[in-house]
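When the chains are written out, they are named A, B, C and D in that same order, and each has its own residue count from 1.
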Amino acid sequence: MKGIWPILALTIVAVISGAVLSWIWDKTNPIITRMDREKEEIARRMLVVPEDIDLSMIPSGVYSWPNLGVKDRNGFESFKGKEGVQEYLLIWIDDLKKVHVKYNVPKDKAKFIEKAVEAINKSMKITPQICGDWDVYQLFKKAISSTVNFKKVLVLADGTKIEASKDGFIGKDGQKYVVKGDKVFCNGKEVKGKVYYIAYLGGKRVAAVFKVEPVGYSSKLPTLVAATFDGTVLGIKILSQSETPGLGARCVEIKEGEHEPWFQKQFSGLKVDEIYLTEKDEKPGKIHQITASTITSRAVTKGVREGVQEFLKMFGKEG
Amino acid sequence: MRIPYNLEERFKVSSSPHVRKSWTVRSVMLDVLIALIPAVLASWYFFGIRAMLVELVCVLAAVLSEAIVQYLFFEKVTVDDLSAVVTGLLLAMCLPPSLPLWIAAVGSIVAIIIGKQVFGGLGNNPFNPAHVGRAVLLASWPVYMTTWMVPTKPGTSQWLGTDIVTSATPLGMLKESGYNWAVVAKKVSLWDLWIGNVGGSLGETSAIAILIGGLYLLWRGVITWHIPVTYLGTVFLLSLIFEGPAKHIADAVVYPPLFHLAAGGLMIGAWFMATDMVTTPLSKGGRIAFGIGAGVLVFLIRKFGGYPEGVCYSILIMNAFTPLLDRIFKPKTFGEVTQG
Amino acid sequence: MGRTFAYGGIHPEYNKHLSRDKKIEVFDLVDEYYVPMQQHIGKPARCLVKKGDKVEVGQKIGEADGFISANIHAPVTGTVVDVVRWPTPVGFEVETVVIERDKAYKGEMQLRDRNWRTLAVKELLEIVKEAGIVGLGGATFPTHVKLAPQDHVDVLLLNGAECEPYLTCDHRIMVERAEDIVTGAQIMAKILGVERIIIGVEDNKPDAIDALRHASLKIPSIKVVELETAYPQGAEKQLIYACTGRVVPKGALPSKAGVVVNNVGTALAVFEAVVFGKPLIERVVTVTGKVGMPANLLIRIGTPFEKVLKVAEIATETPKIISGGPMMGIAQSTLSVPVVKGTSGILVLDEGEAANWEEWNDCLNCAACIDACPMNLLPSVFSRGVELGKIEDLRKLDVMSCIECGCCSYVCPAGRPIVQFIRVAKAILRRG
Amino acid sequence: MRFFRIIWDGITKENQVFKAALGLCPTLAVSTSVENAIGMGVAATLVLIGSNFVVSLIRNWVPKQVRIPIFIVVIATFVTAVDLTMHAYFPALHEKLGIFVPLIVVNCIILGRAEAFASKNNPFYSIADGIGIGIGFMLGLMLLATFREVLGAGTFLGKSLGIKEPALIMILPPGAFLTIGFLMAFFNWAGGDK
């Protein structure tokens, strides 16, 4: 009895702890996983929608923020009572391209939304100026961008493109490719490959989003790049960084009165041979470096440039 | 019998020796200051009013902060030994001329308080105070600390400090060109580099002026040859071996080593910082190891590191190794030989 | 450049010009002589006289007591007026015989003329012992003990380096009595049974080197070696290395390296004892520094400093009186102390020029002391260790090997009394 | 009353950061901003209260041989619970604190209090100790973070203070060491410690 009691005590404590934890896990895990998934998804969608949204380009339908998977026209009810949703904006564009909204946002934003809808219906465009408030504009933009459909395309090093089906990536010879993190495996062996998300808007493919991962001064800089098929960068987003505060970390700095990181914003609209630093680079380009942080600036610039070049090599002819 | 101890004829006694070499901390520091004169003059010539201001502010801040700290902590105020002046001036020598003066003052205060007084004052600091000050400034205000003024001629508006044109340092150019010697060789001539006509810190740029001061110190016996020679020699050899043959410029073999020697803070580091008595090894063997270690570190940081320049860090790192080197290179007592 | 020792060393201001060219003069007799019973390293001599006794010049008044001890002789003819405890230049009080000079005694001495070559080694050794000869360089180790070493010895080394600043007494006797020194050396060589005699002289005394070379021209076993002028060239271990290239093992006596070192003054005393039968009752003393008349004086043992300095005239308001040289000499608090066998000089320094050890800074780690240390020790570490009270740790760092030459204190820019700290450490460690 | 006495002691006399120099790893790492400091402090306090309470409850029937594993399991449970909750409901803060929330498990303060206090006192006082030590830890963090954020970023709780050129080094690791060194020196001096 004396020898067993310590083991028993430990077991009891462990079991109780396990029970408590599994209850908490059940409560929190769905929220956490959804947030993680959303984070990258949002970034991806935000990248491919142009700055000023032209309503005439957008097919009619229901667009919501957050993306709740609402597809049908009477989808108002489907998200009622969903947990974890604090803010949403549901946009409804009817066949006459008229915009209707339903929302749950903080009060100071709400008045902007009403005004914005009026203005949008007049001009058929969504711009920050029309919305009158950056956050409201973002809500619209994100909601609209949720209409962009993404199709995953795995591009192997030899140029073979494999589109994702519901069973995953199946090659011509029936082999299955598995993507884990940034690595692609086939029959348990690692093969070189890269996943591109081709964005379709209204059935037409408009752009692709892919991840590049340059190494900065003190950290990896996983960055999403959106580019059109003719090689114009639509935008980039640095997903995470831990560069030196005040130096390299300024690659995600947002200047006062602005809404986007100034450094990343510079890339929007550039052609591939313009993606060089203005000075101190192989040839003069259009990216102003972060003061005193040449390494971070050059790493991001070079990473994006090479990513786009590779993308063009893969898809250029078809574009 | 007479009592031998007649109070009137008592003399002052002390233990031997009864004579002392006529040098003191003060005279050592004075020698260092004298040795810095050429470098200071060079900085005045190339950087003008800004140089004078930065040097003045650094020295004043160092002296004042030392006096105030010692007064506040009831220590003997020892600013008259000139060590604070030397620290302030050496710090100024490692700062860019265009640095805002208040940052220079903060650097001096940090150098004196955190670099020196916190450890118990002169003689007890493990790290070179001036370089501690510089390292803190570099970490705190990297943008200011890496903005370099273009050298100029006396009398121009830039010399008077009214408008300031900035450029990269030679080492910065080298780093940014991705160690492409051909690019750098076109921009920087060795003559400009050695004479000091390039962008850089106040006292770091003119290698020749510092060399003169260093030789003066050597002649005065304030420093020994061990650290400067091994330090510079290591950098020279490494750059000769690893940089020399590979690059396609005309004077490929000579250019990189001479460039490395004169560029950045290597000269002032080797002659004035790494030879700082307090923070370097005691024995000759230890000093040689110190010099080689610092030389290797400089080369590694310059070539592979994140910063274009590595002298400051190489010396601070080797300062940390000093107690270990002292232990390893303990001198062998005369007669400590196993006979037969 | 002559030969020199392996590590360190310093080049202080020598100031030998003050008395270098002054011929040895005989100092006048005084009325009272204070003859301490301990003028040597070892046990004090046993006093043979009492108050009221009449003594003859050269009469043995103190008998060697034990193995390491030496005889003491009366310096003049006269009466013992008292036996008291009296201070000596070494710093402590010892039993001292006070002799009042017979007014009729004018300094005459009965001298013999013996042929030393006919005497046996044992007899020679006995003469040296009887004459009460001790090392005259300052260490005052009884010479008869030194001349009977335990180890096999093949070299006799005469120390004529006189590396102490100011002092010139050895210099003068080498110049004036080179022949006698050479003979004395030969006597000692005979006692030791060695073939090689080396005389080491610093190269700032070219006349002494010439004189010795001339005197030893016909004696092939004697070699005069010119040494570089550096302090402490005359320290035993350093001198042996400089002259023979041999290294005395740590903690051992020089005889372990097959060498016996004697001062040139000792050689002269041996010569006088053996050939003239004269015991050690007088010696050459350099009186120098801030005095009116720097001189090299032949002074009877027991003459008070007071009398000597009265003649030489102290030329400063704030004198500091040192028995010996400035590097290793002993500061005196009173002029009542007598000249003893080990007194090589009486140096008067001005208090202003003398080093002040009362205030010092923290160690700068400049390593000047380490570079200067002739034993290649770590003086700065020792001084810090003593300050921090970590004395036991210093034993491992060979603090006991320190020869207390004072080079470290001399060079320290922070004005730290390093050798003084080391003496404290050594004393504590010796006590155990 | 002893309950409040224990809380007060935990904040002052037994302040784990400045007096015992415990838990320095997260202290130095997360004190870059006051916001982080509060988040970390609250998380640690919650874990402390919970683990102290539970350890104190079970103190009489925990066998000596396995007490440390059991304490660790209890602590780990609370830490995981806090971590998950934070991740789900305060994702921004969770992302900033990063690995340091899970690392509370091995924070020596928590285990130290479980071993030194909770396993010897009743649950009531153990809660007091948890509160006191937790608040003390949080205040220490906040003090450190205040200096670092104000001097290093020129902000307080994210609000700009109008400092033009903050000294970046203060929010870098060296700044943490400097600040804690000076603060410890100050508190030892003020506390009259020799």
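Some notes on this structure:
Criterion: contacts are C-beta pairs under 8 Å (C-beta built on N, C-alpha and C of every residue); 3 or more make two chains touch, one makes a residue touch a chain.
Quick caveat: nothing in here was measured; it's all calculated off a predicted structure.
Across all inter-chain contacts, the pair with the most C-beta pairs is B-C.
Chain B has its Cα centroid nearest to the centroid of all protein Cα atoms in the structure.
Remark: chain C and chain D have CA centroids separated by 71 Å (rounded to whole angstrom).
Separation between the centroids of chain A and chain D, computed from CA atoms only, is 36 Å. Centre-to-centre separation between chain A and chain C, using Cα means, comes to 93 Å.
With centres defined as mean CA coordinates, chain B is found 50 Å away from chain A.
Counting only residues that touch two or more partner chains, chain A has 244, 246-247.
Multi-chain contact residues, meaning those touching two or more other chains, occur in chain D at positions 168, 172.
Touching two or more other chains at once are residues 142 of chain B. Contact between chains, as defined at the top, is found for A-B, A-D, B-C, B-D. On chain B, the positions that touch chain A within their shared complex are 142-143, 146-147, 168, 175-176, 306. Listing the residues of chain D that touch chain A in their complex gives 32, 58, 61-63, 65-66, 69-70, 73-74, 76-77, 80-81, 84-85, 87-89, 91, 152-153, 168, 171-172. On the chain C side of its complex with chain B, the touching residues are 6-7, 10, 12-13, 82, 84, 86-87, 98, 165, 237, 241, 247-252, 306, 318-322, 324, 326-337, 347, 349, 351, 353-357, 361-367, 370-371, 374-378, 380-381, 397-398, 401, 404, 406, 409-415, 417, 419-420, 423.
Of all residues in chain B, those touching chain D in their complex are 100, 103, 106, 114, 136, 139-142, 144.
Contacts from chain A toward chain D in the complex involve residues 5-7, 9-10, 13-14, 17, 20-21, 24-25, 27-29, 31-32, 35, 84, 244-247.
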